[in-house]
């Protein structure tokens, strides 16, 4: 009985595990006279490694199996998932936790479409994620090739940049652009298209190295050795922002996950220390300052929103999670000071004052100004006391409920058990992954974050199905921390089989 | 401890099951003076029912939970999945098996993005699938609403039509267009966007009925009493096609899943009966004529392709699965007669003769002409004998391998067991679902299809992850048949948790 | 004073006329050993010529100047315009008048954007137009090259197909696809992208000829030698349509420019002759049957629409020009029989009967059926008499106005003078080009079309600015006819300078 | 003879001039009980005026004629063109010259498509231009309405933002977003879609004023009293940039039109004064410092590029006009310091130092640092002397050619005459508009710019056809200056009829 040649265009094996043995990256480099040649798989893997990529999440198959093997050889850790959907969510979480671009690898056609989930989720959460997909042989485009799709076009609504390496020589340029657009300006998703024919082209090692010479690892601004912020020019906006905070009767600091991404935790803690202003984190902003801090308004959220008169928002958008900064959740006369990386975002929200730039730097500048003209809300300040009172009431009421052992379980009892178990772990604090509406809701109140970037949940987009991918990514990039995934059953149902992966 | 109002924008419950109890469609219709009013949920459900929709696959949540409840009330069967990805594949299989539009329901943002898998897969396989997604409140667009996305734009690369009901009055029109574009011309995917605010608008029952009066169930041409439908062709082309077949020395009929979708099995069987021409099905074309038919060239595929001189292709495209109709898999001088619903498809392939239209009607016309000037290849025809000989050799070789009991299992032994078990079932034959490269490959040779539309596999796009969705859809729309899913482990990994669904 | 090298990226000369002398296509083919080589310019020109292209309209400049020169050498007539906007309109008119694809040539970036006017206008009017634009060197994409634009992407909303020749070998394939998609199915616009680097690549004459061997001139169905429509199968829809017309009390035939494009004039005249049913042309449908024909309802349009009970629409869409086929312009109970090339178009309009296909063939089939069961509305038929009476009244009233010599001119007096002058010309009738609202309005009533395809006006889209382009195209492709452009001043203002062109 | 009702969907008059009299904005506001109502035309005009729009360029017709009339009544100057193509170019020039958003008004369908030329040209030149187009009645979408087009989709490839006012209440929001996205971040094109039905909706004056209350005129940063705007930079980068310049042996300052747009002329002149570093403007950067300044390297361009070792680029991109900053036009080891508003642009070019932000502010910061640690290249510095020597040689050679009176004219003689005539005018200097390859080339060498923003030419995109539009816009927004358009004949041919407009 004959075997159809159509098979060759399908994954070589049903077993992901088996496949690695077969496809050798060694075959990707061939000796020819005195010169060694690399194929596109090997060359693209080298380019990624040269650009500082350390992890890659995805699902292999024709035509990118050998590429993944080569990446492993270059020291990139490849985490093989069951479904590109989860792998894409993992790439986003890895980007958020490391501050560097997360990479998702998929096959062509349906693989790329499955990958759009992770790409779009990263776009909305403003995380730098690079989707790399194999694609059809270019000469067969339009003829109905295996898994053919105009992927460069299809990903456009979900990305900042979408480019195809039309030949092996363009691979470094396209990867470089994809990284550049992913990490600069407001971070987001980008796309690299690697056609089958390009993966099979060859380049000499010598020429390849020349083309790779420009590629360098992306270094986030927070990891650069900076002596100090230094002597600043008179800065009218910083001054105006500080004056506004100083004159406020009920000031508030709102902390978003953008501040966590920017590693602004040190200057932010200093700011709260200096001024005594209460703060309120968004769900994923929890932990930038420990939830246990005296000035946390997390248990008095509604009151804090409704009555604050001047609000410094760091790395959060005035979107649905913050009720658009609008009445009736907020006071009619509230004045916002927005710190954001995007000038368009600030212009859209029309705040009293907008500070465009890196949160870490800008809060440092604010701190410096405040040190020149110090002010502080003491523990007896009426606004502080009011929030403190409300917090105590709410905590007390919740404690009463929590202390009951309800069987069969309601949401509270198991959450208390989890809370206590996590608290016992001490530092470094575990990373909490949470999804499911009630699960997130109750968990947000009961569970406490002590360190920044230790809570991963449905995020800006309210995305269901992220849990397993996030948990796996967290375990991979933060091996020093335990990862605790608290999943509602519908959330778990999206990708539960991925528990096998790690 | 307070509950954030952000919760209200998330699924009401972690348990899909529980949710139905809470959201009552009864609440969707309100009495006001003498007039009863419907909200958008109830009205959209009525529109779908009026348009003949019987099944809906999907995942509910804000803002479409009530819509699903209302659909149930209208008699539409809603099958709730864990992940929109699988639900979308189910909608495609349902469309293929019933010949009517398959419907996929998702929430906004990430739900819609997860649904693109099913929509694009339907597009490539040319099946009529309608994706219906809830979307953000229109007045909050651009402000960062819950799960906000320009969905109408995002689905465009994957669909034939993409429209938004901008108010409750437009719901019937948009649904009507979505159905029209899905089923007419070359079938494919379409999109209906239902904004949250529109789902909450109301319309009086009287006005609603007026707006629904134009909607009618789609009736596939094959189910009409008359057979005469579609584009008209003068007999000149039919005559030419018959002449070409008649003069051929090594004619072949290739049967694609398009012929199965068009319910062309009766005239096709008659054609083979009349002429004795050997036939070769594509993988999903298997069963249009039973694999056990004497003229089947399925076990002599390479020879049939390489040596045939005139090939009538019914409902299949000359894409990668058929090696683009090109040398060296085909003879250099082979002449194709293409029957396809799309004139552009035919024009692209440049066949000797192209017949644009419905396969069922066109093959009937061919049969009529042949009855006027009959010809037939007897069992002793050299071409028939050559293929027969090759088939016997291949079958014999395969049988030798199959008869061994290899433990631990290779691919052949379990496949033989499955084959025998399926054969024991008799008629109606079970529906086979198959994915995974080796699984499909070996299965294609060993397993036999006796009835049309009883094989569902990775299809035109080689899509991995379709298995569970296809199996569930088949069980739902064909309750009279057993469904057998033969899954490779990687294929199963994409959506294995969906086994819970049915 | 030095000359900047930036110059080299701009048109070589300010004078279009001068430029031709400089750029020689001879330079495009170079001798190398025993083999002659062509560059992309020469090869693309050969491909167009091989595909039967006879005319090309456009504006040259870097990088397509040499391509135009080569096209001239291949016998293609290149008509150089001042502005790509007008040239594009010319290409559309040429397509309509010849029934073959019209070609528009532009430079990259802004040239391509100027060309979108002609492409989109062709799309809406369903004329086959191919936009060919030069584009940036592919290796400089993303770096800010001269006139860089992602043209393939930019034209997508305005075209059926958009493709780039990524190397010289792909030129024939991309041109072939562009022609295929332009002319098949519902005709429309397509796009061919020729990058600068590809235009400078070379191919040997031998290899080039091999690649061109598949290209053949497009032959419209109406120009094929067909003996007769032949013996038809029983055709239920044709029968039903004829029955409906036969039973009608106030039947009407509406003739659109699609019928003119399909060269359906002979069978249509025969149909009116056989049945005596009154007919009403759309503005550009005038002349399919002479306006002077007794059954013309052109001067009783409102009455014809409002009272007809069964309407056969040939090659026209029920769009704004026909008031969507809806009440109150039409009777509430009117039944439509639509003949259209697009099944989606028919499905959208939900007519009583829809006949998908070529107008020329389908009307012939209808005629054949009528000959079998003849019926005819005589001159004394009440419906005929009613329309006749209304026509006479309106004509008389208009004649009274027309006969006055009003100075300074109103719209009527000059229009009468033009009418009389045109009538004096006899046959072949001149081609009338008309734009401007009042100009078209009054002209539609006063001026008469005696032959098909002799009226070109703002068309389906109501496009202003088409006049000069249409007039030039008509003069080029119909040298046997005088072209009369009757332009309102605003219409003329769009492109008046093009009068220099011809 | 009856008049078809189709007329009502076409421009009301062939004469643009006449039309204004007919359409009265007074009719747009109606009294109803005690409340006055505005229609969409009047309301949108009020919104634009409230947002500080002073000029609008375009072509009127159905459905935006009344809108233009209302805009006039609100004090907005509407300049009516013959063709939207030229009007769009005018809007771009107005934006560049005023630093505020330029507005282009068009009708639907083809009008919008004609407007894409101006929108895309503005996008590439990074000028804030807002295209406002009327569009079809929303309920008729998909039915083939007059000039129907999915304009929101069609403009996307050419714009930063594309939005539709779906009802009258959304008009202020959409206009606000269009302005925000046009002017913030890197400026560019945006789109506002005003459907016919929305223009006919009404709103009470009271409610309208409430909705308009948030709209405020855009105030460019340079026109604010304070200079402190935009992204914050620590002095580290400024210090590093100054050190690099100080250590350079052959430093150069390159001035782009971005610096002119940002009104950075004062700090830039101060910088050259302080340091004595030679400068080189791009064509449209000429005049930021007078061409007659001793340190101008404009007549020694090739030498300056090839030998400079450190280059400060202010408001120019390293695109084709600057040879991508690459060898061989530049030295292999050249180090760039880029000042640009876009961090992505800087990241793409990989300069030694990138300073993201407003050119005016950043150059001021540099000046401040230099004043602390002053350094200066005197007239005897070898690099200054070398460029000076080359400049003198080139000027001398050019002078010899210029002094000849060649008849019939070559390019030089008339250019000398124009130069002398312009010089005689003194200050304020006239605005020069120039297009055509040789015309621009020779003109760039012979004509001198003494003041910033006095040269408008084909720009970043090398766009032909901009001349008349630019000239008219310059005359409108800079009435104190003479405008001199020096046009090659091909350039003039694109839009010569627009000479009538002003």
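Order of writing sets the chain letters: A, B, C and D. Residues in each chain are counted from 1.
In this text, a residue touches a chain if its C-beta (ideal position, glycine included) is under 8 Å from a C-beta of that chain, and two chains touch if they have at least 3 such contacts.
Quantities reported herein were computed from a predicted structural model and do not represent experimental measurements.
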| item | value |
| --- | --- |
| Self-contact between copies chain C and chain D, residue sets same or different by half | same |
| Far-end chain from chain B, centres as C-alpha averages | D |
| Chain A and chain C, separation of their C-alpha mean positions in angstrom | 52 |
| For chain A paired with chain D, centre-to-centre distance based on mean C-alpha positions, whole Å | 37 |
| Residues within chain C bordering two or more other chains | 142, 153, 156, 177, 348 |
| Partner chain B, residues of chain A touching it in the complex | 1-7, 9-16, 61, 82-83, 85, 109-111, 113-114, 116-117, 120-121, 124, 140, 142-150, 153-154, 156-158, 283, 299-302, 317-321, 323-324, 329, 348, 394-395, 397-398, 436-441, 444-446, 458, 460-465, 488-491, 493-497, 500 |
| Complex interface listing, chain C residues touching chain B | 177, 180-181, 183-185, 214, 226-227, 229-238, 342-344, 346-348, 350, 355-357, 361-362, 365 |
| Touch list for chain D against partner chain B, complex | 138-139, 142, 153, 156, 163, 166, 170, 173, 177 |
